[in-house]
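If you scroll down you'll find the structure; I have some questions about it.
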Amino acid sequence: MQETAQEKGKIIRVEQLTPDIFRITAVAPRIAGLSRPGQFVMVRVSGGYDPLLRRPFSIHQVTANGHVQILFKVVGKGTAVLAGACVGKMLDLVGPLGRGFSLKPRRPVFLVGGGMGIAPLLFLGKWLLQDADPVETVALLGARTREELLPLVTDMEALGIEVRTATDDGSLGHHGLVGDLIRDQDPGLGRQVYACGPYPMMRAVSGQAKALGWPCEVSLETMMACGLSACLGCAFPRGDGAGHVHVCKDGPVFPAEEVAWL
Amino acid sequence: MQETAQEKGKIIRVEQLTPDIFRITAVAPRIAGLSRPGQFVMVRVSGGYDPLLRRPFSIHQVTANGHVQILFKVVGKGTAVLAGACVGKMLDLVGPLGRGFSLKPRRPVFLVGGGMGIAPLLFLGKWLLQDADPVETVALLGARTREELLPLVTDMEALGIEVRTATDDGSLGHHGLVGDLIRDQDPGLGRQVYACGPYPMMRAVSGQAKALGWPCEVSLETMMACGLSACLGCAFPRGDGAGHVHVCKDGPVFPAEEVAWL
Amino acid sequence: MALEHPDMRVKIGGLTLINPVMTASGTFGYGEEFSSLVNLHRLGGVILKGISLEPRPGNAMPRVVETSCGMLNAIGLENVGVERFITEKLPFFRGVQVPVIVNILGDSLEEYRLLGRRLNGIEGVAGIEVNISCPNVKKGGVAFGTDPEMAAAVTSVVRREFSGPLMVKLSPTVTDITVVARAVEDAGADALSLINTLLGMAIDSKTRRPRLANIVGGLSGPAIKPVALRMVWQVARAVKIPVIGIGGIANTTDALEFLLAGATAVQVGTANFVNPRASEEIVNGLAAYVRDHDLESIRDVINGLIV
Amino acid sequence: MALEHPDMRVKIGGLTLINPVMTASGTFGYGEEFSSLVNLHRLGGVILKGISLEPRPGNAMPRVVETSCGMLNAIGLENVGVERFITEKLPFFRGVQVPVIVNILGDSLEEYRLLGRRLNGIEGVAGIEVNISCPNVKKGGVAFGTDPEMAAAVTSVVRREFSGPLMVKLSPTVTDITVVARAVEDAGADALSLINTLLGMAIDSKTRRPRLANIVGGLSGPAIKPVALRMVWQVARAVKIPVIGIGGIANTTDALEFLLAGATAVQVGTANFVNPRASEEIVNGLAAYVRDHDLESIRDVINGLIV
């Protein structure tokens, strides 16, 4: 069993990247130290019981001095409360949770991110580059608009990672889906693909990777009541049709071929 | 029916007078304009449903430019949430509610306040002094400690009102109950007494006023679910033993002799 | 084309409401208290504090206590009695164009019957809602609403005396609410409203005493919405008469959920304490929903759940 | 004089727990999942995911949804089945000094009987909790727990096969829970645990569909505490055997309230998701309460409500 901690971290920064995208940095050394790219934390959004349940967010970045960052879009009650967090208040975190990306690709890498799915790929990109013998890494990042994508492109490029972009409205890079950027690749490149984003994007990317014969890992999202493999509420049909896997325990990252794409 | 408004006021100041006493100032011109001393507002403490019910707070002060102030001690869930309010956030108020103090005493006045009961007496004191022909007003203010009492004494004195103090621990003024300050008064003074504070204090003060033959009004506190005379949850036994009055509608201020002191 | 004034009408027995939003008994006083906060004429209907034959003083204090996302009340059905209601409270509504449905309560079949008779034909009384969650003192205090026969008996007793629209309000504290629902339907009810409060309790661990003088009380508010929604869905599929949904409704989305589950109308209760304008805001919200989705009328939503 | 180690022991049938705090079935996985967050040996007992004879895949997704101060679950009793439970899950507890009470479920009397037999005398099984809220497929899916006779039948069937401490977990969806409680007591249960979840539903008004694939689900969390507390209080006064309180318990004060209402022990459920260390914190909180109030033991609190 992988080690998990419950830690209350002081919020030291709340950044608003767009009208509905925020980044929160909290001091949580124990969790930061244990975290691996692709893992997530369960965040308690209110001190009271409404909202009651914790919300899952992938670990966006960790820093040497024990800071943990989450990047999120306001989509409902919990994220709305979180967006109103004041610096100096405490953020109640449980983590790191789940199984992240494999960290020894030993082949050139494509980081394929869509929307908030880009969040864990920054941590992964940084981790891969810190390897003694880092593999060549390219990031294919997509979002709806330039305004949503640019801040994340800047962060990725700051790591020294080449970024190719795609936006639904064509305001930045390719006018279309990020999956399009893989389609006409040379199979011989034999890249390891790490994909995270909306379900349809991951389904398409895993199909293209399969066609190219490339290994591909995807990070799935399901409703989560606990994130601690206690409630069994995060089931996902097994690829082999025999019962369920549990995304918070067996994932969230899965080899693409293991996923029974619906 | 007295006019009531629902108004969301921007919080422009949050003052911490002691470790557990706070004062919040919000911009609520409609309510400020309608308010009379002794009336209260029902404050929504959280955007969500936990805590669910609004909390009643007497109107502590109103200013010409439409500000409404409440003064409160943290005693439970709602006041704890309220104490964490950030400047700039909105405070959801309903009011002014209830029947306040009579405003034409036409005799010298004693404002007798205990603890948070002092809150409405500042508004009353200010109101009485603004009268064309103001009556002589003295405030008898009590609290547990000097630390709790001093800020309120300063405010009252700033209005030009003479203040006599009493503290449980003797750290300011008379070492004992504020009620003691009335006991050896000359009945001939014929003062109008306005009392607000813990139940035992008001019961004692109303007894002393009766003994001196002075008119006395008291502001009662009961649990309140609505404050809008809709739920009937704020019942108080009638003096004449015939059923109940409702503190949020028929009060909170009552002539002392009408109260069936338990 | 988006209608300027969307068709929000719904029918309950012979009564047509201009929209499906009513206020729940006991959470809106006698209506006048809210007149400066809510434009009463914009509501589909108002249901006022439960009325008994004789005035009732109500229970000892404390009568209300907050719980997680809810509240308990043991008011004890304090009310002015049917005579003072007709002479002092009803007249207020002569100047207000909104149907007033009178909620009645009793502790014997006879009291319900007399109330039905007394209110029959009274100008200003648009209908009756029978609260059968009251204890039947002749049956050891068991609530009428928990036993299908007793529930049916109350319904027919009032039905015989009152010719106007008759709504019966079901208690949730039963094993199978559809059994009581069908019994009441067969006894002649024009519509069913549900749910009344769940029976609950709160304890102060410092004083080691119940927080309500009455020890137990009725649980209401957002906490009970999932139970209320499930019961409305079950009952709407078990009876043919209109069902009125009550239980934790605080905003337009809540109201839509009850309509989708099969409710023809909804009642807003505890939410009135938290947001006094909740009922009117829901009327506006439902109208906007009909406009934005180009619906014929709000009735398209009723029973619209895709299962 | 404040005891260094206050006496927190409570007895359930033949089983003595070091303190009254247990975890509720289905909210603590198979125990191992929490081992890095909670010191399991400090708990009074752990009750794990409900076990059936054969493994069950559980319901389709979505299986859980949040409500106001609560959540609905329709997991569908997914579990590894009794054989894999004994060989794969139970062994973990050989290294952990905490009583493991196995929650069992079935859809026929025969399945309950076989489960009782299979678990009888198994090393590491400190007791059985019988979940009678499951639908009896032979009686049209009516839950065993809603009918006193069926509830008694399940109890006696397991009682005959299992000699260890036998706890029966009551369903709240009944008109009068004391009737089922007495029937189960007479059928030989050593203790009663209540409440299981309330039956509820949630609807997404955008998609017009239920939020749970199973349409209805079990409501749990702080929202249901007032109902659970009332039922524990009623049952504790109706039976002589120990009662274990479950329902929205998240902190020490909640636990004290249930003990005051008559519970001998408590189970922490949904709170484990919100605060994984809740159960251990409540153990510490109760110990501090006994010390600070100079009580003989925690047992002084049981049934201490002043009414």
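Lettered A, B, C and D in written order, each chain numbered from 1.
Everything below uses one rule, namely that contacts are C-beta pairs under 8 Å (C-beta built on N, C-alpha and C of every residue); 3 or more make two chains touch, one makes a residue touch a chain.
These numbers were taken from a predicted model, which means no experiment stands behind them.
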- From the centre of chain D, which chain's CA centre is farthest? B
- Note on the structure: Cα centroid separation, chain A vs chain D, in Å, comes to 36
- So, what's the distance in Å between the C-alpha centres of chain B and chain A? 53
- Note on the structure: Note: chain C sits from chain A at a C-alpha centroid distance in Å of 48
- Each of the following residues of chain B touches two or more other chains, namely 49-51
- Item | Where chain D touches two or more other chains, by residue | 68-70, 221-223
- Assign the assembly's chain-to-chain touch graph to one of these shapes: line, ring, star, complete, other. complete
- chain B contact footprint on chain C (complex, rising order): 26-29, 32-37, 49, 55, 57-58, 61-66, 68-71, 73, 75, 78, 221-223, 250, 270, 272-277
- Task: Can you check the complex and tell me which residues of chain C touch chain A?
- Result: 68-69, 222
- Write out the stretch or stretches of chain B touching chain C in their complex. 1, 3-6, 44, 49-54, 94, 222-223, 225-226, 228-233, 235-236, 243-244, 249
- In their complex, what parts of chain A are in touch with chain B? 46-51, 77, 81, 84, 86
- What residues on chain A touch chain C, complex-wise? 49-50
